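Shared chain: chain A. Partners: chain B in the first complex, chain C in the second.
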Partner chain A sequence: MSRADVDTAASGRRTRRPDGPRPRRGWTARRREVAAGYLFVAPQLLGTVLFVLVPLALVFWYSFHEWNVLVGSFEFTGAANYERLASDPALPGVLGATATFSVGLVVLNLSLALALAVLLNQKLRGTIVFRTLFFSPVAVTLVAWTIVWRFLLQDDGGVNGLLTALGTEGPNWLRRETTAMIAVIVVQVLKNVGLNMVLFLAALQGVPQELYEASMLDGAGRWTRFRRVTVPMISPTILLTSIITVVGSLQVFAQIDVLTSGGPGTSTTVLVYYLYQNAFQFHDFGYGATLSVLLFAIVLVLTVVQWQMRRKWVVHED
Partner chain B sequence: MKTDRSRRAKLALYGLLCLLAVPFVFPTWWMVTSSLKPANEIFAFPPSLFPSDPSLAAYGRVFEFAPFAQQYFNSMYIAAVVTVGTLAVSSLAGYAFARIRFPGHNALFLVILVGLLIPSEVTIVPLFQMFNAWGLIDTHWPLLLVPIFGAPSVLATLIMRQFFIALPVEIEEAGRMDGLGRFALYARIALPLSRPALGAVAIFSFLHSWNLYLEPVVFLSTPEKFTLPQALTQFVDAYGGPMWDVQLSAATMSALPVLIVFVVAQRQFVEGLAHTGIKG
Partner chain C sequence: MRITRRTMVAAAAASPLALASCGGESGDDGPVTLRMTIWSANEDHLALLDGIADDYLADHPEVEAIEFDPLPFEGYTSTLTTQIAGDNAPDLAWILENSAPDFVTTGALAPLGDKLSGTDGYELDDLVPAATDLWRHEDELYAYPFSTSPFAMFVNTDLLAQVGQPTASELIASGEWTWERAVEAGAAVGAQTDADGIVIRDFDYAGWDNLSTLWTGWDARPWSEDGTECGFAEPEMVEALGFMHEAVFEHQAMPGPGTTADFFAGEAAMTVTQISRAGLLEDGSFAWELVPLPAGPAGEYSVIGQAGIGVLAVAPHPEHAADFLAFMTGPENSEKLAQFFPPPRQSQLTAEVLGQANPLLSDEQLQAVVIDRIDDGVVKPSHTGQAQIDQAVRAALDPLWTPDADVEGVLTEVCAAIDPFLAQ
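Take a look at the complex of A and B:
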């Protein structure tokens, strides 16, 4: 932010300088500059207001209404939807599934991404090939990737075939509660971990070599160097990727729809999926909007908490 | 002795990397090769790595069961329009927030930043209601407008702004001396220099649109209007069971072009994204 201000302040001065002797022209140049600024940001600003902020306000407004699209009812009911939310017998399960999914996804994704990045950050021939391989699922159509895994995870699919060949027997992954959740998490991590890996790799390559040499002179071992040098130096990237991954984990819908449809039972019904079911399968827009408010609150709180945490553990920031 | 140990460490590392690569690579490989197998061979175990008798029969059936060419075209043109639209909107706004000083620019920037916190999943109910009121349900308009102006484009604006901030102001000085206006400075000087950032924004807005699933499922009901992700899930037999060979052929067709572009241009692809990532 501060750098931007300095830059723009400097350019602002430059605009005025050549026109110094004739103040009137200088004034129009400044005015033209301001007009350009507003015109440039107008599409983004108006679009964001119309397609993001207005809908957000409407979500709150709708959440105070009883609104069933099939019946055609639309009636102000105050906090009734929120009372229903508080006593919804399905909600604890949904929030539990959401928490399990998000925590599992974030932890597995970030640790695997960091591990792969460290492995690929060695002086070794062919690391670019491996980087390409680990990254390749990012380029595969999401639903195509998920369909293939649904096949591989069937009772008689490739994963269990492999396990049989190794001498153990695998479960029917997508038909059991615990394994279905694991499957959904792992399939999603494999799809996108390459993205975070690449971000970590770029950050690792930006760590000055002298720091490692200095810590080696101090007699630090590999693990100490990783903890005391690497992690602090790449902490801004860790913060960025964890915010993106946490928010992303709360948006996962396609994979769950294709792999498990929220089942078995409701074991993989995360909040987005529950919202979708209520709004677009049961046509209950009022309660759907209330669940949207809850989703928004969770995204907001998690982002703010992580942003606050940066003071504590992000070491350097420019 | 020492070189021997380091060579063994190297071998172990290669082994580990190969093992780790299996779950990343095998599904794609299996998808492509199985689409060429007859249906009964798809289920064979151990899975055959190469089809014994490659055939394109299932590919033909993709086009019999669904208006797949139309659906393919829908995905392509929607992703293209979203990409171009996002590039235009985000580079203009990013440039203005980085370079131009106008009253309220900090406040307006904050307003736009709020958009980052609001994924379209949160606003899908009112979005449906709005597009319904405008008579745009079962059209492609929501799939174009929501990504071009929603959270993904806010992220793009942020990336573009960071890039333009890092671009030295002096570069524009010559153009300014020649009396170029703001738009000319942006279009003729800043934009050509921002290719890496534009490339990264193009890649992720294309992929975002290409993978979009919730919006098509919510907004579209006519198969001729479907995009690929939704179309792929529709290849089921009369009992609702998936027709695997047909589905895998369709999945392969949906994935292969992007995958080929990625392999050919993987350097720009990966490094472009990584580059803007650390700056964003």
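Take a look at the complex of A and C:
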């Protein structure tokens, strides 16, 4: 598009090139451009509307109903589901398990990913092999990965076999409340830590070398350089990975379903699994929708909080 | 970039909006297509069902096609209810026994009594009452019990011989075929070989309803006959599950939680399951026998597993579906189905009919394990709201599966967990 076109488009009808043809009414170049733009984004927009916004609105709508598929009932019950939510005796345990899982996953995932990225950012032989090694689980199908780990974590599985070979005895990982949660977290961290590691690696490689050189001239040691140069410079990536990981941790489902089915007891029944049980096992779609709204609210609040906090600790955000 | 009309056409073509109007549904007046959800993807089962469907289609031009839609057994009921919720209900569905009350009592299934009794030559009275009880509500039949299969014990006689234990047949002959004796044999196998003792198949420390194949021998019940009183804390149940706890943790006669042992791969001496699993023994890598469940302190007993076929109340074509169901389960086709699924028809509960389907089993075995047991069998537990109860019992029973568990304390907690559901 020429500069003249832009000028014409931007200034509209009021200015006209004295010798140019008069633009046709209705289909100015700008309008055509805008319309084409909308048409190009239409596929994505349509998908978002159909598969995100409409279902989201429907979930809110369903949460005000008693909807039992088997009975065939669908009745407006006002805030009854929300009252039930407030007094649900199982909910504190479910939220506790969700918080434990999320905190454990986020802390372990981010610290391990950063540590790996720093280690594999060195100019040493073999780093590419290790980068590939740590990233490869990201490409593996989640359910296949989890099923293999279920076998490894059995009482007589590979993990305990290894521990026995090392002269110690491992617990029945998936059948004890504390170890089951730890096992689910670790399996998930190993699955996805490679993704955050790559993001951190990219960020680390974007830190200007001069900053390190300058800080070294100022007498900064290795730890001070990491704390005062590296962390501030990669803080936008830390924000991004923490948001992705927190949101992802709240959506954990397949791992729980395959490894523990929410047990032992209800120790690994996290919010999404509880939602699944209510909607799809107990046929109570109305209450399931209410739990979805709760999940939505939690994700929204956490994301907004993280976004707001960026001003305090993310460099370039003020 | 110069935006031309051609660019806009390209953008429009890229938009799925252009495709949105391409769909369409055929009218309701033409021949219909029936769909039935099943949980078997076994090719022989599907070939049999397709054959029956072809026979029906030949005489019924108003039905264009009959599709059998295999859904994974894991999560079968959830998938089915999700289809119903998504306004994509099948016409007919296999129903698992543990969700029978939920389907039968809630109006999810269409009544079948009039249709079946009004079909020429159907012989509705031939259905064994014990087989149809689960599928009745207020004297109306809501599903046809197409598979009524007692649980039995498969025994690896090679493993028992290896540890110097008598076979189950010998124990039956001497009147000693009891759980106590079975656990003794299982413990010997567990202690002296790499294999495990007794596996209650599909229990896996989660599917607790399979334990009814054990506790019924103690005359224990998970809840009272009318479903309102919890039975887990009753002395019979405490004794039965205490016995099992000892078998697992003290005698190591059963594989513990988190350990898998497949009888059919030669990894266990005995397994409790249904006779249809005999097909897994075709390779014949070890000698085996099939015997009734061992007697418990309350004497001999049997437990039956069931599956029904029903017409969904919200089916797109309920009348055609009911008509096909009557055709598929009439005497002639019932005998064909008996190849794989023990039929509920008295006239077909003969060793001869069942033998066609189970060539690995002798007439005596079929008589003793299936035919003699169907009439007096206790059906696996089920209750309205089974999914909630199932989950609550599983979670509350988990503490039982540790070596130092307080059996009575745990079972009292199980009752506390399910009392609210039983009261509903």
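The working rule: the second predicted complex is superposed on the first by the 289 of 318 C-alpha atoms of A that agree within 3 Å, B and C clash if a C-alpha of one lies under 4 Å from a C-alpha of the other, contacts with A are read in each partner's own complex, and residues count from 1 in each chain.
We take it that contacts are C-beta pairs under 8 Å (C-beta built on N, C-alpha and C of every residue); 3 or more make two chains touch, one makes a residue touch a chain.
Owing to the predicted nature of the structure, the values given are computational and were not obtained by experimental measurement.
Undergrad: If you stack the two complexes on chain A, which partner ends up touching A:L211: first (chain B), second (chain C), both, or neither?
TA: neither
Undergrad: In the overlay, answer first, second, both or neither for which of chain B and chain C A:A202 touches.
TA: first
Undergrad: Just to be sure I read the superposition right, which of the two partners does A:L108 touch: chain B = first, chain C = second, or both, or neither?
TA: A:L108 sits against neither chain B nor chain C.
Undergrad: See if chain A has more residues touched by chain B or by chain C, and give me that chain.
TA: B
Undergrad: Please indicate which partner A:A36 is in contact with in the superposed arrangement: first for chain B, second for chain C, both, or neither.
TA: both
Undergrad: After lining up the shared chain so the two structures overlap, which partner does A:L239 touch, if you call chain B first and chain C second: first, second, both or neither?
TA: Touch partners of A:L239: none, neither chain B nor chain C.
Undergrad: Looking at A:V52, would you say it contacts chain B, chain C, both, or neither? Reply first, second, both or neither.
TA: It touches chain B, and chain C stays clear.
Undergrad: Per the contact definition in the header, classify A:G263: touching chain B only (first), chain C only (second), both, or neither.
TA: The second partner, chain C, only.
Undergrad: Please work out whether A:L85 is in contact with chain B alone, chain C alone, both, or neither, and reply first, second, both or neither.
TA: Neither partner.
Undergrad: Between chain B and chain C, whom does A:V231 touch in the aligned arrangement: first, second, both, or neither?
TA: neither
Undergrad: Starting from the residues of chain A touching chain B, keep only those that also touch chain C in the other complex, and list them.
TA: 1, 32-33, 36, 40, 43, 46-47, 156, 280, 285
Undergrad: So in the complex, the part of chain B that touches chain A is made up of which residues?
TA: Within the complex, chain B touches chain A at residues 10, 13-14, 16-17, 20-21, 23-28, 30-31, 42-43, 45-47, 88-90, 92-93, 95-103, 105-106, 108, 111-112, 114-115, 117-119, 121-130, 145-146, 148-151, 153-154, 157, 161, 165, 169, 172-173, 176, 181-183, 186, 207, 210-211, 213-214, 217-218, 228-230, 232-233, 242, 244, 247-248, 251-252, 254-255, 258-259, 261-263, 266, 269-271, 273-275, 277-278, 280.
Undergrad: Quick one: in the complex, what on chain C touches chain A?
TA: These residues of chain C touch chain A: 1-5, 7-8, 11-12, 14-17, 77-78, 81-82, 84-85, 102-103, 106-108, 205-206, 256-260, 313-314, 385, 387-388, 391, 394-396, 398-399, 401-402.
Undergrad: Once bound in the complex, which stretches of chain A touch chain B?
TA: Spelled out, the residues of chain A in touch with chain B are 1, 3-4, 7-12, 14-15, 32-34, 36-38, 40-41, 43-56, 58-59, 62, 116, 119-120, 122, 124, 126, 130-145, 147-152, 156, 158, 161, 164-165, 190, 194-195, 198-199, 201-203, 206, 236-237, 240, 247, 250-251, 253-254, 257-258, 272, 275-276, 279-280, 285, 288-289, 292, 295-296, 299-300, 303.
Undergrad: Using the touch definition up top, name the residues of chain A that touch chain C in the complex.
TA: Chain A reaches chain C through residues 1, 5, 29, 32-33, 35-36, 39-40, 42-43, 46-47, 67-72, 153-157, 172-175, 261-266, 269, 277, 280-283, 285.
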